Amino acid sequence: MTQLTQTATPAAQEPAKPSHLGRRLKAARPFLISVIAIVGGLVLWQLVSMTTSPLFLPSVSMTWAAALELIGDGTLQQSVIASSGRILAGWGAGALVGVPLGIFMGRFETVRQLLDPYIEFFRFIPPIAFVTLAVIWLGPGELSKIALIFYTTVFIVTLNTIAGVQAVNPLRLRAAASLGAGQLQILSTVILPSTVPFMVTGARIAMGNSFLTVVSAEIVSAREGLGALIWTARNFSRTEWVFVGIIALGLLGYLFDRVLRVATKKLLARYL
Amino acid sequence: MTQLTQTATPAAQEPAKPSHLGRRLKAARPFLISVIAIVGGLVLWQLVSMTTSPLFLPSVSMTWAAALELIGDGTLQQSVIASSGRILAGWGAGALVGVPLGIFMGRFETVRQLLDPYIEFFRFIPPIAFVTLAVIWLGPGELSKIALIFYTTVFIVTLNTIAGVQAVNPLRLRAAASLGAGQLQILSTVILPSTVPFMVTGARIAMGNSFLTVVSAEIVSAREGLGALIWTARNFSRTEWVFVGIIALGLLGYLFDRVLRVATKKLLARYL
Amino acid sequence: QGAPVTIGVGADPVFTAFFVAANEKLFAKHGANVAVQSYTDGGEALNALVANQVNLACAGEPTHIVRLSRAELRPLAVTYQSKTYLKLVARKEIASADKIKKFGIVAGSVSEYVTGLTMKKLGIDAAKVEMVRSGPPELPALLARGDIDGYFVWEPWPTLGVQQGGHVLMTCGDVGYTSTLWLSATAGWLATNKEVAGNILKALAEAAEITRKDPPRAAQSVQAVTRIPVPQTLNSLKDMEPVVRDFSDADLKTANAIGEFLLSKQAIKAPVDMGKILQRGFYKG
Amino acid sequence: MARGSSVSIKRVGLSIGANEIMAGIDLDIRAGEFVCLLGPSGCGKSTLLNAIAGFQDVAGEILVDGKPVAGPGPDRGVVFQSSEALFPWLTVRENVEYGLKLRGVGAGPRRDAAERYVSLVGLKHAIDKFPGELSGGMRQRAQIARVLVNEPKVVLMDEPFGALDAQTREVLQGELDRIWKSTGCTIVFVTHDIWEAILLSDRVVTMTAGPRAHIKTVEKVELPHPRDPADPACMALYARIRDDIGAEVTRVLRAQGLIEEELVK
Amino acid sequence: MARGSSVSIKRVGLSIGANEIMAGIDLDIRAGEFVCLLGPSGCGKSTLLNAIAGFQDVAGEILVDGKPVAGPGPDRGVVFQSSEALFPWLTVRENVEYGLKLRGVGAGPRRDAAERYVSLVGLKHAIDKFPGELSGGMRQRAQIARVLVNEPKVVLMDEPFGALDAQTREVLQGELDRIWKSTGCTIVFVTHDIWEAILLSDRVVTMTAGPRAHIKTVEKVELPHPRDPADPACMALYARIRDDIGAEVTRVLRAQGLIEEELVK
C-alpha cells in the first residue's frame, strides 16, 4: 500500500480576517505604503546624485528649483498641455484603429494572414526612423507628431486584442451562434466584450509607448511640449531641466494611467 | 402575449467543411496570402518613392543596391549580430525580472502598492532620457545598451503578467489552497502556469520595444549594430542605408517573433 | 610609454586628425599611449570627460561652455577650425538672407547662435521672423516642403538642402563666426600629465599636417576607424582647415559672445570667465 | 408558433485526433418528437448533441428538415452541460433577451418575453443579477430560459436539470412538457435520470460506452401522459433501460478492474 | 489512516454586498460523521461548504477540531460543483498527484496512489488525458480522485455525482462509503438526490430557501447499512425530507407566481 501521511499543515492565510482594531490602520495602509515608496525613491535619488556631477544627475533640490523656475514662467504648464494633447490624440486614434483591427485579425484567418507580415514587420521599426518621412508627408505641424504616436500605439493594442480574441471561451461563441448571431454579431456581442480586459491592458501599455514617442516626435518643430523641452535642455546640457521634463512625463503618465484605470473600472466593470 | 416570430436564418458557417478537392489549395493559401501581402507592400513602396525625393524615401532598387553594398563589405551582418546580441540579452533579462515581479505584484497587495508608483512612473519615461546616465554609470560598452533595453522590456512584461495574475480563475486558487498549497506553491503551481498566455503576449510586445530601444541605445558609442548604422547613415543623410537598417530591423524582428511563437507553441503548449 | 590615455571624440570627419593619429600610430611615435574612443558626438565625448571616463575630449565651443560652469575643464588648444562648415541655405525663391521670414534652427546649438548673428548683421527684426525648431535631418525636408525659407546649419545638411533645390547664401565666416573644436582635459588630470598632453598635441599637429597635404590618405584613416566612407570625408574636408593651434584673441571674443548668447537663452546661469579657463600658451606650436 | 424539424443522423462518426469517439450512429427523429439520450458517463452524448447543433464536423450526414447541417443556427437551440456558456457580462435578463435582440424584437415585447421565461424557470428574483452571482442550479436555469425564449424548432438539452433539487426539477419538467406540447418543437434531451427520460419522452435512446460509441437500444415509450412511475409498464421499461446502460458501465469498469464480481449486480 | 475532524458551525452568517445569503446557521458535525446537505437550488449550500473550506469570511464561528477556520487547508478537501476547478494544464494523473507532490510524497508511491484513485473513479483509460479532453462526468470524477487521494480529515463534496449516470454513480457511492468507513474521515456532502442522501449519510440536513437561509431540519438516519429504499422507514424518511424541501421550493416559486395552485402538490 502507499504510505500517505496526513500532515496537519497550518491553514494558509488567504484573505486574512481583519481585526476590528486594525481596520482603520488598514484603510490608510495603501496610502502609507505609497508615501513610503515615493519618499524612499527621493532619498535614493538624493544620495545617488551626490556621487555624480549635476551635469548627469542633478540633486533633488536643484531639480525642484528648476521646476519652480519653469512653472514660474509658464513653460512647464504649456509643455504639459501641448504634449498631453498630442498623446491623447495619437493614442486615442491608435486604440480606435487597433481594437477593430485586432478583432478582425484575431477572428478571420485571411485578414490575419494578409496583415500579419505588416504588423510583425513595422512594429519592430522605431518611430524615430519615420520622423523625417512624417514631416515630409504631413508637415511640421501637429499631424506628423500625432501620426507617430498613433504608429507606436496601434501595434500594441492590435497585438493584445488578437491575444484576447484567441482567448475567448469557445463555448460562448457556440452559444451565440446557436442563438442566431451571425459572424458580425458574434464579433460585437461576444468577442468584443470578452476581449475588454486584454484591450484595456493593451491600451495601458500603449499609453506608455505614446509617452516614449512624443519625445521623439517633438524633436521636430515643436515650440511647446515636454519632448521639445527635453531636447532643448539636452542641447544646452541643462540637465535639471531635462529632469523636470522627465519627471513631468512620469507624473503625467501616472496620472493618465490612473484616470484610465478608474474610468475603465467604472465604465467597463461588467466586462473586467 | 409576445409576438416572437421564428425566422429560419441560414446557419452561420463556423468552421467551413473543406471539400476534398480544395484541400491542397487550402494548404498553400496562408503562404500565398503572405506573398501577396509582401509583394503588394513592395509595389506600394516603389510607387510612393516615385513621388518624393530619394533623399527622404529611396526606391526599392536603390535600397536593394545599398543592401548589397552593406552585405558585400560585411557591415550588415556584423550589425545584425551585434544588435541581436544586445536585444536578446536585454530582453531576456527584462523578461526574467518582469515575470516574477509581475507575479509578486499581481499576487501581493503590499508589493503592488510599494512598487506600483515606480513602475507607473518610470514606464512613461523614454529610455533616451537615460542614455547619458547609462553611459556614465555603466560605461560606453555593451552593458549600458543592454541596461537600456532591459529598462524598456521589464515594464511591459510586468504589466502584462500582473493582468494575467488578476485573471486567474479563483476556483483554481481555492482548489490549490485546499489541496495543501502554501502561498509560494500557489504562485509556482497555479498562478505561473495560468499566466503563461499573458506572459507570452507581454514578451512579444516587449520584443518590439527592445527593437525600438536598441536604436536609441546605439546612439552612444556603438561601432557596430543596426542602430549605429541608422544613426551614422542619418547623420550623413545616406537615406538608403537608413532604409537598409530599418528593413533589417523589421525582418530581424519578424524572425525573432516567429521563433518565439513557434518555441512557445512547442514548449508551452499545455499552458496556452 | 606611460599610463594609457583615452581621448573621447565624436564620430565625424571634423575629428579627422584624431583618427589619422590613431590609425597611423602617431601618438605612439610621440611617446603617448593613446586610445581614441568615439561617441556619437562631441557632447557625449565631453560628458564622458566630465564623468572621468576619458582623460581628454574634443568638442565645439558651445558644447564646452554649457558645461564649464559645472565642471573643471581645461581647454588646451584648437584642433580644428572652419569658416565655412556652417552654411545658410535658402529656397530658390529667396534671393538674399534678409528675405527669410522663417528660419529653421536646431535649438540650443551653434545653428541658433549663427542665425542670431545673421539677423544682427543684416538688421533683421527678430519680431518679424519665425523660428522653427527641428532636428538637423529634418531641415532639408522642411525646406523642400516650403515650411521654412532657410536654415543656417553644419554639413552635410546644407549640401542636402542644395540637392533639394536650395542655394547657399552665406557661410559662418560671413557673419564673423569661425567654428572651432577644442581639446580639453579635466583640471585634475592635467595637473599631473602636462607632458603627455603636450605630446598628444604634437601628434595631432602631425596628423593635421597629413590631412592638409593628403586628404585621401586622411580619409582612409577615418574610414578605417569610423566606417565613414572616403568620399563623405573628402567632401567634409573641403570645408575645414585641419590645424592645431593655440587660442587667439578672436577665439576668446567668440567664446565670450557665445557665452552671452547662452546666458540669454538661460542655458547657463552666470557668465563664464573664458580668459581664465582657456589654457592660452599651453600649446607652443 | 414554430413547429419542430425532423433530425436525421446517418452513419455519423466523429474522431478527435486519434480518438475515435463515435462511429456509425444512425437515428431518425421525427419533427416534434421528444427523444431522450442516455448512456454511461463519457460515452459521447454531448458530442452527438454538438454535432447536431453544427459545432463539429462529422463523417456521415446530419439532416435537419432534410437539409444538411452546415453550422450552428438559431433553428437549433442548445442548453449546454456547462453553465459557463452564459455571457458573464450580461445580467440574467440580458442573457435571456440576447437571442430576441439579435432578431430585432422590439424592447417592449422582448422585455415581456424575457420576464415570462425567467419566471418560468423560477429566477424572477434574480433577473438583474450577473451569472457570477448565481448558484450552479440557477445558472443552469438561466441557460434554459435563454434557449426556450427563442422558441427554436429543435431544442438540444444537455443534462439541463442535473443541478436542480427534485422539486424544482419536477416543476421545470412540467413546464418543458407544456412548452413542447404547445410549440410542437423537437427536443433531444440528454439526462442521466432514467425516470426523467421515461416521464418526458417519446423515445429513449441509449448509447454504448466509447470509444467508437454507437446506439445500443431505442425504446419507444408508448404510455399515456401523465405517466405514473408506479405503472408496471413504466417499471419494466425502467428496468430494461437501467440494465442496458448498466451492462455498458459494467463493461467499462470491469475493463479497468474496478468492479470485482461481487460488486456487479 | 487519518481520522476525521469535528466541524462546529456557530451562529454563522454571510452576506455578499447587500445580499444576506445565510444567517444564524448552527450545526455540529461529529468527527467521522457523514452529513448530507440538501436544499432548494440557490439556497446557499455551496456557500456554506465554501465557508467551512475557509474560502469566505463569515460572521460567527466555524471550528474544525475545535480550532477556528482561518483559511483553506489540506485538512479539508473540497470537490467543487464546477469542474473548472481542475488544472487544465495538467493531465488527469498530474492533477491527482498534485496534492501528494506538494506534501513531498516520492515519485513511486505518488504514482501508485494516483493510479489507484483514478481507477477507483473509473478513469484509468483516460489517465493521461487533459481535462479539456474529458466529458463533464469524467471531469467530475477526476476531481473526486484528486481530493480523495489526499485523504483529508474532512471531505467537502458539492454535488460530486450530479453529472453521472445511475450505474457509475452507484459504484462511486459504494467506493465513497468504503473509503469513509476505512479512513473514518468526516464528510459533508451536498446533493439533490434524496435517496443518495439517505443511503449514504448519518444525518440529512435541509436548508430553507434564501435569502437569509438557515437550517430547516436535521434528520438522523438511524438505519442499518446497507440501506434498502424499499424499507418503510426509509420511505417515510424520504417523504419527510422531500416535503421539507418541497415546501421551501413551493414558497419561492409561488412568490414568483410560477406555480398556480393546481401545480402544487
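First chain written, first letter: the chains are A, B, C, D and E, and each begins at residue 1.
Please note the rule applied: a residue touches a chain if its C-beta (ideal position, glycine included) is under 8 Å from a C-beta of that chain, and two chains touch if they have at least 3 such contacts.
Predicted model, so just to flag it, every value in this text is computed and none were measured.
Asker: How short can a chain-to-chain path be from chain C to chain D, counted in steps between touching chains?
Answerer: 2
Asker: So which chain is farthest from chain D, going by the mean of the CA atoms in each chain?
Answerer: Result for max centroid distance from chain D is chain C.
Asker: Report the inter-chain centroid distance for chain B and chain C in whole angstrom, where each centroid is the mean of the CA atoms.
Answerer: Chain B and chain C have C-alpha centres separated by 39 Å.
Asker: On a C-alpha centroid basis, what's the spacing between chain B and chain E, in Å?
Answerer: Centres of chain B and chain E (C-alpha means) sit 47 Å apart.
Asker: Just give me the whole-number Å value for how far the CA centre of chain C lies from that of chain E.
Answerer: Taking the mean C-alpha position of each chain, the two centres sit 83 Å apart.
Asker: List the centre-to-centre spacing of chain D and chain E in whole Å, with centres computed as mean CA coordinates.
Answerer: About 25 Å, centre to centre.
Asker: By the touch rule stated above, which residues of chain A touch at least two different other chains?
Answerer: If we look for residues of chain A contacting two or more partner chains, we find 9, 12, 14, 52, 56, 132, 136, 177, 180-181.
Asker: Considering chain E alone, which of its residues make contact with at least two other chains?
Answerer: Where chain E meets two or more other chains at a single residue, that happens at 54-55, 71-74, 82, 84, 103, 150.
Asker: Residue numbers in chain C touching 2 or more other chains?
Answerer: As it turns out, chain C has residues touching two or more other chains at 47, 51, 137, 141, 144.
Asker: So in the complex, the part of chain A that touches chain C is made up of which residues?
Answerer: Against chain C, the touching part of chain A is residues 52-56, 131-132, 135-136, 139-140, 219-223, 228, 231-238.
Asker: Going by the contact rule at the top, pick out the chain E residues touching chain D in the complex.
Answerer: Result: residues 16, 19, 38-46, 81-84, 119-120, 122, 124-126, 133-138, 141, 159, 162-169, 171, 174, 192-194, 242, 245-246, 249-250, 252-253, 255-259, 263 of chain E touch chain D.
Asker: Any idea which chain B residues touch chain A in the complex?
Answerer: Its residues touching chain A are 9, 12, 14, 29-30, 33-34, 36-38, 41, 52, 56-57, 109-110, 113-118, 120-129, 132-133, 136-137, 152, 155-156, 159-160, 163, 167, 173, 177, 180-183, 186, 197-198, 201, 204-205, 207-209, 211-212, 215-216, 230, 242, 245-246, 249-254, 257-258.
Asker: Given the complex with chain B, which residues does chain C contribute to the contact?
Answerer: 11-12, 37-40, 44, 47-48, 51, 53, 136-137, 140-141, 144, 156-157, 160, 163-164, 226-228, 232
Asker: Can you list the residues on chain B that touch chain E in the complex?
Answerer: 169, 171-172, 174-181, 185, 189-190, 193-194, 270-271
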